[in-house]
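Each of the two complexes below includes subunit A, the first together with subunit B, the second together with subunit C.
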Partner chain A sequence: MENMATRTQTAQRPNGSAQGKICQFKLVLLGESAVGKSSLVLRFVKGQFHEYQESTIGAAFLTQTVCLDDTTVKFEIWDTAGQERYHSLAPMYYRGAQAAIVVYDITNQDTFGRAKTWVKELQRQASPNIVIALAGNKQDLANKRMVEFEEAQNYADENTLLFMETSAKTAMNVNDIFLAIAKKLPRNEQASGASASGQGRRLAEGDTGARAAGSCCK
Partner chain B sequence: MAVATFSQIDEYGFERPTTFDYKTYEDFMSKYLRILARRSKRWEELKESEKTRRTNILKRFVRKGIPITRRPIVWMSISGGQQAREQSNYTYLQLKERISNASINETIEIDLPRTFPDNIYFTKENILPRQLFNILSTFAHQNNDVGYCQGLNYIAGLLILATKSEEYSFWLLKVLVENILPKYYIKSMSGLLTDLAVLDELVEINEPILHRHIKAIGMPWAVTTTKWFICIYSEVLPIETVLRIWDCIFYEGSKIIFRVALTLIKMHKAEILECKDLADIVTCFKSMAHNPKVIDCHYFMSRIFKLPGRLSNKQLEELRNKHALAK
Partner chain C sequence: MEDNCEGCMELFSQDGVLLKQAHSYYIQYFNESGTLYITEYANTKDRFIEWKPNSVTVHSDSHDSEWSFVNAIYRGEQMSPQPPDSKPKYIKLDMNQVRSFKVSKKNDTMTFFDGKGEILCHFFFQHGNCFSLFAALKGLLKTTVSKRDKNIHIIVDETLQLNKSFATLDLFQDSQSASIVWGFVRSFQEKPVETAFGAFAKIGNTIGNNFMPSSSPQPIEEEVITNDVKEYERGVESSDGASPKDYEIIHSSPELPSRLQYPRGNPLSYDQWTALQDSEGRIEDVEYTKLHIFRGGIAPSLRKVVWKYMLDFYPWNSSNADRKTILGKKEQDYYDMKLQWKTLKPWQLQNFVQLRDRLSLVEKDVTRTDRTLPFYAGDNNKNLQAMSDILMTYVMHNFDLGYVQGMSDLLSPILYLLQNEVDAFWCFAGFMERVCTNFDADQAGMKTQLSNLYILLKFSNPTLASYLDNQESGNMFFCFRWLLVLFKREFELHDVFRLWEVVWTNHPCNNFHLLISIAILEKQQSEFIGEEMGFNEILKHVNDLSGKLDVNDILDNAEGLYYQIRESSQLTNEVRQILGLPLIAESSPKDDSTDSIENELMANVDKAYENGLHTSYF
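Up next is the complex of A and B:
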C-alpha cells in the first residue's frame, strides 16, 4: 500500500509569540522515473527505505515538519510520477509550490538531462521565487557513477540551485537537503498569508487548518 | 470466531498491512462467504450457454459477482477478449516473439520489482514478474500509440493474479486498453484529461454543494483521482472490491468507473465537506478505501447502481465529446 499522508496534531503552543512561528510550504519532487523521488520522501518522512518502492501513479502527498531556529516548518510534499507522458499533469503540482527538488540518478546520465529540462520548465512556469534544489540521488552507488559531482555542481551554480548528492538508501544528505531548502524559504512576518505569491504561509493563531506539529521546537 | 482466523497474507498473495482492520474484514467475510456460496450455486444452475452469452440474465449475474474460479473464462467472453483472440491474425505466442525494442523493455523492467512488492507471488524468485514483463512488452509492441504506460503494470499484474493465465491476461489487457477504456494511456493521455473533466461535471450535476466546496479549496480532480482511472481502482480499493468492479467493467464498460467514483464521493460527502484544505481532502480520499461500506464489496456494488442515479452510455458519450472539444 502506498504511504498514507501523515497527519500531525494541532499546534499546541500559542502561535503569536516570537518563538512559536509555524510556516507551511508546498514542495514538489520532479525527475525521471525511478531516480528515487518516492524513496527520498519516504526516507525524509518516515525514516525508511524500501528496496522495491512502488511506482507512483499520478502523485502522492505527504507532510513532514522540521525545526529551524524558532520556526516550525511544515512541508506539504507532492511526489509526482516520472514517466514522460504524465508530464501534462505536472503543472498542477508545481503551481503555487514554494520549493522543488529536482532529482536525478548519479548512475544514469539521461536522468541528469531530464533534470535540466525540469529546472528549465520550473524557471519558466513556476512561481518566480521558487526555491529549487537539485538532488543527485543514489550516491551509495558512486562506483557506478555516470554523472560527475563537479558537472552537476557547476550546473547548479550557474542556475543558482541548491545542490547535494543524496542517498535515500543510506539517508545521506536527505534531511540536509530539506533543511537547506527550509533555510532558504522566507520565514519572515511578511510571508504571512502570501502563499499565492509564492511565499510561505504563516498559520495565524486559531487557524482551524493549523495542523503543523506543535512540539518539535520545544 | 477469533479475529486471528485470517492470515497475514490474503488469498491473492498480498501481505495485509500492519494496520489491517481484521475486525471489519471478519464482519464482512462472515456474511460474504455465504453470499459467495449462494452465487456460486446460482451460476452452476445457469445453462452452459447462459454462462458466457451477453444477455440481461448474465448482466445481472455479473453485477452480483462472478465466482472466482469462473472469472477467467467469463471475463474473456463478456469483454470481447475471447473474440479478439480468435479473430487476431497472430497468436499470443507469435506476438510475444516480436518483443525487441530495448528502450520499451528497459522501462518495463524498471517497473517489475515495483509492481505489488507487497505480494508474495511477485517477488523476484517467482515467475509472475516474468509473465508480467511478457504481457506488458507484447502489448507495447503491438500498440505503438500506447507502448508502455505506468499504471498498466498494476492492471496486468492484477489480471495475472485473477486469471492465473499469462495469455488471458494479455487479451484482457488489450481489450481494456484498446476497446473498453478511452484513450487513457496514449502519450498525450487525452482520454484521461477528458474523463477528469467529465467527472467534474458529473459531480457538479449530482452534488452541487460538494462541487462548490471542492472548487473553493482548489483541488483539481487529477490530484485525487488519476489513479482511480489509470489503475481502474487496483492499488486504490480493497482487492475484493476491485475485482467486483472489474466484473462490471468487462461487461458494461467504462461508465462503471464513473459510477464507482460518484458512489465513493457521495458516500463520503460529509467528510469531504469537513475538509478545510487540500491536505485534508487528499487524506480524506485516501481513507475511503478503509470505509467498511467500501470493504463490503457486495454492499458497495449494490450502491454503485443506485447512488449515482442515471448514467447512460449516451450521456457519457455526449459529455466526453463536449469536454474533448473544449480542449
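Up next is the complex of A and C:
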C-alpha cells in the first residue's frame, strides 16, 4: 500500500490528438453510510440512479474521464463503505488521493457532523494539497431538510472547501461538483510531480477519447 | 474374486460388511452391505483391502483399469489423474497406505487410518465380528499395540531394520522392525550433532506426509523425499556435512500433485433425510449427513428443514419431542427480546443514543437489501418489515456487536428460504456465531482471514501470490467482500444457498471458503498478469466478477485444490493450521523425538476420530 500514492500520481501524456494533456487524479468519496456516495458516483460515471442502491462492502473502484479546455482529466474514483465500523479501512483509500468528496445527507443532521469529522481527518492525515469538496446530497428532499444551506456554506468557507448541494436522484450539481474539483486541481504542478516520481501510469490509447465524449465534452 | 482378478490371489473374504466411511467419493455406498477381501497380486506381491458392494458386479476385463479412487488420490500423478467418470464400482485400498487400524470394543467395527489424520475406510461387520479379518491381518502384517489405546494396532514396517543405537527411543518396543523413519535416523546418526538435529527436524516434517514404507509402488512424494535424502547424503560425503544448505533442499518451492476433478454429487433428498433419522427423529450419523451435503448440497425443498440443523437451531441429536420443546422456547425468547425494543417509549429512545444509532443503521440497510428480488420488492413489504425486526432484535440479542453493514446480506437469503421470522432469527444468530469475527470493531477477524488467504495462495500458487505482491495487492483486500459476506454478493440466490450449505459442513477442512476464493482467483490469473493489472484494476475486476461465476465448477476445483495441498510433500504447519489438519512437530529435541512420533501418530488418529463419521452405531 505504501507505494500507492506514487503509483497513482497524475500522469501527463501528449496523446497525439488535439486534446493535448491528459491528467489522472485519484479521488475518494467519504461520508456516513447511506448519504449517497455510491449514487453520486453511479450518476457521474454511468448517468444512472438506483432507488435501492445496495450498500458498499469493502470498496469500489470506477473511472470517468472529463474534458477541461485542452486537458483530458481522468478520475480514478474510490467509493468506500461508510459505516463507522469500517473506518479503519479508509486511510488505505484516501492515502495518495488528490481529491476527496465528503458527502452528507441534507435530511440528516448527524451525517453533517460526521462529514466534519471526515474533513478534519483528511486535513490531518491525507496529502497536504488534497482538494476537498463537501456535497450536501439528496437536495431533492429539501422539504425534509435538517441542515441549512448557509450553515454548510459557512463551514465550507472557513475550511476552504468546495461546496455544493447535490442530488444523485435528479443529477443536480453532480457533474458540476466533479468538474469544479477538476478545475481546482493543479494540473501542471501535479504533472511535474508525477514525472519526478517516475511512476506515471500508462494510458491505453483508445481509453481517453472515447469515454471523454460521454459526459462533458460537447 | 478369482474370476475377475487375473493373477491375483484372494487371501481372505468376508461378506456382510457394511461400508461406514471412506473417501466421500464413495458416499453412495455408505451403509451398504458388501464383501471385504484381502488380495495379493502375483507379479508385484502388492496387497490390497478390497470391498465390493453387493449391488455391483465387476467384470473381469475391467479390473485393472478400474483403479479405485482411494489410490488415485494417494498416488498423485502415478495413477490415472482422473477418477473414473462412471461411478466407482468398488474400493481398493493399497495395504501400504494403511498405517494403523482400530478394532472397536464390541469387535464389530474396524477402522483403517492413513497416519495423517484421515480415516481410509471404516467397516461395520453385520454378521458376528471382525475377528477373522483381524486374524488375517495379524498373519500378514507385523503390528504393535499402541501405548495410548490398546484397540489401535500400529503397522510396523519390515523393510527397514531398527538401528539399535537409537533403541533408547523405543517406539516399537516389541519389534526389531521400524518404519522408514529409522532409515533416516540411521543415515543421520553419525553426522555432526548439529546437522543431525536439523535434519531430524526436517524428517519430522516428512513423517506425517510420508509415513510409508519404501517398498514399491512408491507414491510420487516419497520419491521426492528419497531424492532429497540422496542429495543430502551426497552433500555430507563431499563436504563437512554441517552446512544447512545440504538438507535445506527438502524445502524447495512446493510442487503440488496434479489436480483431480471432484464432480458434485446428488443433493440430499427427502427420502434420504428420512432414512437418516431413527424412530424418534434423531439424526444418527451427523458426519455422514454433512459429508453428503458437502458433496451434493440439499434438495431445494428440504433446505428449510436441514438448515435449522446446520445453523444450530436444532441439535442434530434432538428427537421429535425435543424439537417441539426447543421451538417453543425459541419462540418465547425471540418475542421477549423483540418486545424489549418495540415497547420503548419515544422519550426513552431519545435518551438512548447507542440503541438509536444501531436501529438507524438497520433501517438504512434494510431498505436497500435485495430489493430487486420480488420477495423484498415494493413499498410496505412485510418481508422487509420482518428483516428489519429480526436485525433490531439481534441488536438486543448481541448489543455489543449491534448491527454492522453486511449483516443484512447474511440474513436476507435465510429469511427468503425459511419465510418465518422466528426461524430466520435463530438461524441468522447461528450463522453469526460462525462469522461474527468478520465484524470485529478493529477488523481483526477480517485481517486474519485475508492473511490466511494469502498464506494459502502463496503455498498453492506462488506465481500468482508474488504477482499480487508486486502490485501492492498482497493484502488481498480485493477479496474483502467475498469473505465478509461469504460470497453473497457474487452469486445469484440459489447458488448462494448451495455454497453456504457446503461451507457450513466444515468439510473437507476448516476454512474451505478460502480455498473457494483461490479457486476463483486462479481462473483470473491470466487476466491479472496478461493485462498487467494493478491494485485498482484488480479490485475492479474482482468486483465485476459478480454474477459471472459457476458455483459447481468452483466447488469442484476448491475440493481438488484441498487434496493437492494436503498431499503436497512440502506442506507446512502454517498451512495445516489454517485448514485444521494435524500439526507436525517441526523440531523436537533428541530425547523425546520418538515419543513425539507416536504422539503425532496418535494425534492424527484422534483427529481422524474427531473428523470421523461415527460416534455410535447400532
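Criterion: the second predicted complex is superposed on the first by the 172 of 218 C-alpha atoms of A that agree within 3 Å, B and C clash if a C-alpha of one lies under 4 Å from a C-alpha of the other, contacts with A are read in each partner's own complex, and residues count from 1 in each chain.
Keep in mind that, in the parts below, a contact is a pair of C-beta atoms (placed from the backbone, for glycine too) under 8 Å apart; a residue touches a chain by one contact, two chains touch by 3 or more.
Just so we're clear, the structure is a prediction, and the values are computed from it rather than from any experiment.
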**Message:** Just to be sure I read the superposition right, which of the two partners does A:Phe149 touch: subunit B = first, subunit C = second, or both, or neither?
**Reply:** neither
**Prompt:** In the superposed arrangement, does A:Phe49 touch subunit B (first), subunit C (second), both or neither?
**Reply:** neither
**Prompt:** After superposition on the shared chain, which partner residues are touched by A:Ser33: those of subunit B (first), subunit C (second), both, or neither?
**Reply:** both
**Request:** Enumerate the residues of subunit A that count as touching subunit B in its complex and touching subunit C in the other.
**Result:** 1-2, 4, 7, 33-34, 51-55, 57-59, 61, 76, 81, 83, 85-86, 88-89, 92
**Fill in**
Per the touch rule, the subunit A residues reaching subunit C in their complex are 1-4, 7-8, 33-34, 51-55, 57-62, 76, 81, 83, 85-86, 88-89, 92
**Message:** Touching residues of subunit A toward subunit B in the complex: what are they?
**Reply:** 1-2, 4-5, 7, 33-34, 50-55, 57-59, 61, 63, 76, 81-86, 88-89, 92-93, 208-209, 211
**Message:** With touch defined as at the start, can you tell me which subunit C residues reach subunit A in the complex?
**Reply:** 361, 364-365, 367-372, 404-406, 408-409, 439, 441-443, 472, 475, 477-478, 480-481, 484-485, 489, 534-537, 539-540, 543
**Message:** So in the complex, the part of subunit B that touches subunit A is made up of which residues?
**Reply:** 17, 107, 110-111, 113-115, 117-118, 149-151, 153-154, 185-189, 193, 220, 222-223, 226-227, 230-231, 235, 276-280, 282-283, 286-287
